[in-house]
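All chains are identified by letter, namely A, B and C, in their written order; residue positions are counted from 1 within each chain.
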Amino acid sequence: MHLLMKPVTDVVYSSTPSEESQNIFQSVLTKPSCSLASASSDHALWDQMGLLATLLIFGVSLSFASAERPMRRSLVFPMETDNSYVELVPQKDLDMGAFTLCMRVATELAKGNREIILFAYRTLYFDELNMWREADGRYGLFMSGEGVFFHLPELNTFQTHLCLTWDSKSGMAAFHVDGKRSIRKVYKSGHKVQNGGKVILGQDPDSFLKDFDSKQSFVGEITDVNMWDYVLSDAMIEALHVGKRMPRGNIFDWETIELIVNGNVKVITEEL
Amino acid sequence: MHLLMKPVTDVVYSSTPSEESQNIFQSVLTKPSCSLASASSDHALWDQMGLLATLLIFGVSLSFASAERPMRRSLVFPMETDNSYVELVPQKDLDMGAFTLCMRVATELAKGNREIILFAYRTLYFDELNMWREADGRYGLFMSGEGVFFHLPELNTFQTHLCLTWDSKSGMAAFHVDGKRSIRKVYKSGHKVQNGGKVILGQDPDSFLKDFDSKQSFVGEITDVNMWDYVLSDAMIEALHVGKRMPRGNIFDWETIELIVNGNVKVITEEL
Amino acid sequence: MHLLMKPVTDVVYSSTPSEESQNIFQSVLTKPSCSLASASSDHALWDQMGLLATLLIFGVSLSFASAERPMRRSLVFPMETDNSYVELVPQKDLDMGAFTLCMRVATELAKGNREIILFAYRTLYFDELNMWREADGRYGLFMSGEGVFFHLPELNTFQTHLCLTWDSKSGMAAFHVDGKRSIRKVYKSGHKVQNGGKVILGQDPDSFLKDFDSKQSFVGEITDVNMWDYVLSDAMIEALHVGKRMPRGNIFDWETIELIVNGNVKVITEEL
C-alpha cells in the first residue's frame, strides 16, 4: 500500500489526558510486497507507482500550522527490507548546477560493514545523485558514474545533521556534519544534474527499479530533509544544524513536503 | 535485614565541622542471606517479603524539605552479590500502555562482558518490564518475552542519564542517553504492562524470585529514578538531563519515593 | 602556470539571482609540470621562479573590503602531487628570535601513516622552519636540524586551528590545538631563524628544491595562515581560534597576503 502524506492545516494530534506535552505518534502502516517486479519497464513502473499512489491515497493530516508547539515528521525504517521506501515529491525540477542537501539521520547500521543508501535520485537510466555510506565507512556522492568519498565520523543511534553541497562551476563538494564542514573535494565540475526522475529514501533503485537490495537498505530514522538548488554558506548550515528553519528548501522543504510511503515505514510526528 | 527508606520532613543530616557542603553518607547495613529459598511459592514469597519489610522497618529520616540546598538520595551497590537489591514502592498501579523510565546510573561493569540488570519489574509469572545491558554491549528492553536492543554508548564510572520510552499505540521504543534520543524501534505495539508485581533495582528476579544470579547483579551507583505512565517529549527528557525536576514522575518520583533496601546497598544523600 | 593572488578592493564576486548568501567559488586553474628540474642550482631556481611569477601574473581580484559580509580565501589542495604548492609572500624579513605561526587546516591524510608537510620555510641550504605531521602521528617542528615532537589530536576532515610558538630566549616551543596549548618543550634556545628564503605550503622543498615528494605533499584545505615574530599569549591564541582577527600577523596577515599559486591548488573565497 502507498500512502501519500500531505500536510494540511488541520490540527489533528490527539489530545492526551495525562500530559499535554506528550509525543504524538502517528503510526502509518506496512504493506505486503507490492509486486514491483511485474513492471515491464522503468517507465511503466514509474507510471504504475503514480497510479498506486493516486489509488491508495490516505488523507493523513498532520499539523504544522499550530504555531505554539512546532512539530516535525520523522521517518522510521524499522528493519531491513527490499521494498520499503519513501518518495519525496519535489517543489520544482531537479535540473541543478549546484545543490545543498540536508537531513537528520540516525542509524545503528554504521557499526556494520555494509553499504547504506542515504538518498537516491534516479532518472530512467542514471543514478543522478546518490548519497551513500560505503561498506568501508567512507561517505560518497555519486552523480552518473564514479563517486567522490569523504572520511567522516560514523553515523550512530543519535541524530546526526548531515549536509552535502556541490557546485558545478568550481566542482567543489563537501559534507557538513553537525554544522562542521569537511574538506572540499573537486568533483565533476561542469556537470549538471538532470530533471525527470524520482527521489527516494530507504532503498537504492538499481537500473530496473525492480530489484532493491535489502543489504543496501536504510534502517533507522530520517527527518528534516531539505534541498536547495544552490550552495548554502558554512554559517547558514551551522544555523540549520542548531535548529534555525531558514532558508526553507526550494527543492524540498520538509515542513510542507509530500511524502509517498511504500512498505514498512512509519511516519511519526514529534515535538521540537 | 530490610530497611524502609521513607522521606519525612525532619531535617536530620549531621552537620560536619570541616565542610558544610560535604556529602552525607547514610550508611545502611548489609544483611545475611535471608533464606528466600524456603519460600514454597512465588506468592508466598511476595507475602514473606512484605512481612519482612514490615518487621524490619527502620525510621531512617532524610530531609528533602530543606529548600535552600536541594538533596538527593543515591543508591550505592558496592559489590557483586546475589542478595542485595532495593525495592521501589510505586505511587500508583503499573498497568501501563506507555511509559518513560529515567535514572542516573554509573558502573564500571560495562567494561566487562556480562549482563547487567538495570531495572526489573516482575509479576508472578512474567518479567513485565526489564531493562538490561547485555553481555554484548547492547541495551535491551524486555516485556514478557523477546526483547528489543539498542546500540548505545557504554555506561561508565561517571553518571549517565538514561531514559527509556515506549508507547503501545505506535510500538515505538527509544533510549535517551544524556538527553540525546536513540533511533526509535518498533516493539510490541498493542501490548500492555500488567499491574501486580514488584520493581527492584540491583538483581534480576528469575521465575521463582529465589535464585538471583550475582553475575547479573548491578554494581555501581543509581539515583534519580523516575517513571511516568506516558511518553515524555525529547525536549522534556533533555531538560530532565540537565537538572530540571519537572514533570515529577507519577509512577515513581525519586524525591518522595519509598525504598525498601535489602542486603548490601548503601543509601547516601548528596547535595545537588 | 603561476598565479599571483593579490587582494584588491574591487568587489568581483558574481551576484547570483537565487540566493544572496551563497558561497562564492573562485576557481584557480592547474598548471602542467613546470620543468623545475632544468634549474642548474638552487639560486638560479629561485630567480627563475621569480621570473615565472612575474611573467605569469593574473590579476585575480578578490574582495575583502566589502565590510558587511567578511570573506576569507581558502586553499584547496585536491590531490597528491609533486608540483602543487603556494608561496606566501611575507610582509617583512623572517629573521626571528621568536614566532607564532597559526593556520586552520583540514585533511583526511591523517588516517594514513605518511608524513604530511604543513609549513616549509627554506633558505638556500637549510630547512629554517618546517612544521610536519610525522608518519607516526606526532607533530614536529624542525629548525635547521633535529626536530622537537608533540603528541596532538589527529587532524581530520574538519578544520583544526593549529598554532605553533617558539621563543629563542627560553627555548620554549608549544602547539595550540583549537585554542588549547600543549605542554611546552625546550628546543634550540639561543637559535635564530635566518632571513632570505621562501615560505611554501603544500610541498617540502628538499635541498635542491627540485624533487618534491608527492608522498609528503599536503592534500586538504588550509586557510587563515598568520605569523608573528613574537609569542602570543595563550589567551590571545584562544581568541584567534574562536574568530577574533586581532592582532594581525606582522610576518603574514592572511587578510592581505600575496599568494603565488603553482600547480593544482584551488583558491576559493568563502563567507565567514
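Everything below uses one rule, namely that contacts are C-beta pairs under 8 Å (C-beta built on N, C-alpha and C of every residue); 3 or more make two chains touch, one makes a residue touch a chain.
Only a predicted model underlies this, so the values are computations on that prediction, with no experimental measurement involved.
Visitor: Give the chains in contact with both chain A and chain B, ordered by label.
Guide: For chain A paired with chain B, there are no chains in contact with each.
Visitor: Please state the rotation angle, between 0 and 180 degrees and to the nearest 5, that superposes the Cα atoms of chain B on chain C.
Guide: 175
Visitor: Going by the average position of its CA atoms, which chain sits the greatest distance from chain C?
Guide: Of all chains, B has its centre farthest from that of chain C.
Visitor: Taking shared residue numbers divided by all residue numbers at the interface, is the value for chain A and chain C over half (same) or under half (different)?
Guide: Result for this pair: different.
Visitor: Between chain A and chain C, tell me the centre distance in angstrom, where each centre is the average of that chain's C-alpha atoms.
Guide: Averaging C-alpha atoms per chain gives centres 39 Å apart.
Visitor: Report the inter-chain centroid distance for chain B and chain C in whole angstrom, where each centroid is the mean of the CA atoms.
Guide: That pair's centroid distance is 56 Å.
Visitor: Out of chain A, which residues touch more than one other chain, so two or more?
Guide: Not one residue in chain A touches at least two other chains.
Visitor: Give every residue of chain A touching chain B within the complex, in rising order.
Guide: Chain A residues touching chain B: 16, 18-19, 21-23, 25-27, 74, 76, 78, 106-108, 111, 156-159, 220-221, 266, 268, 270-272.
Visitor: Per the contact definition, I'd like the list of chain A residues that touch chain C in the complex.
Guide: It is residues 150-152, 165, 167, 169-172, 175, 177, 180-186, 189, 228-236, 247, 250 of chain A that touch chain C.
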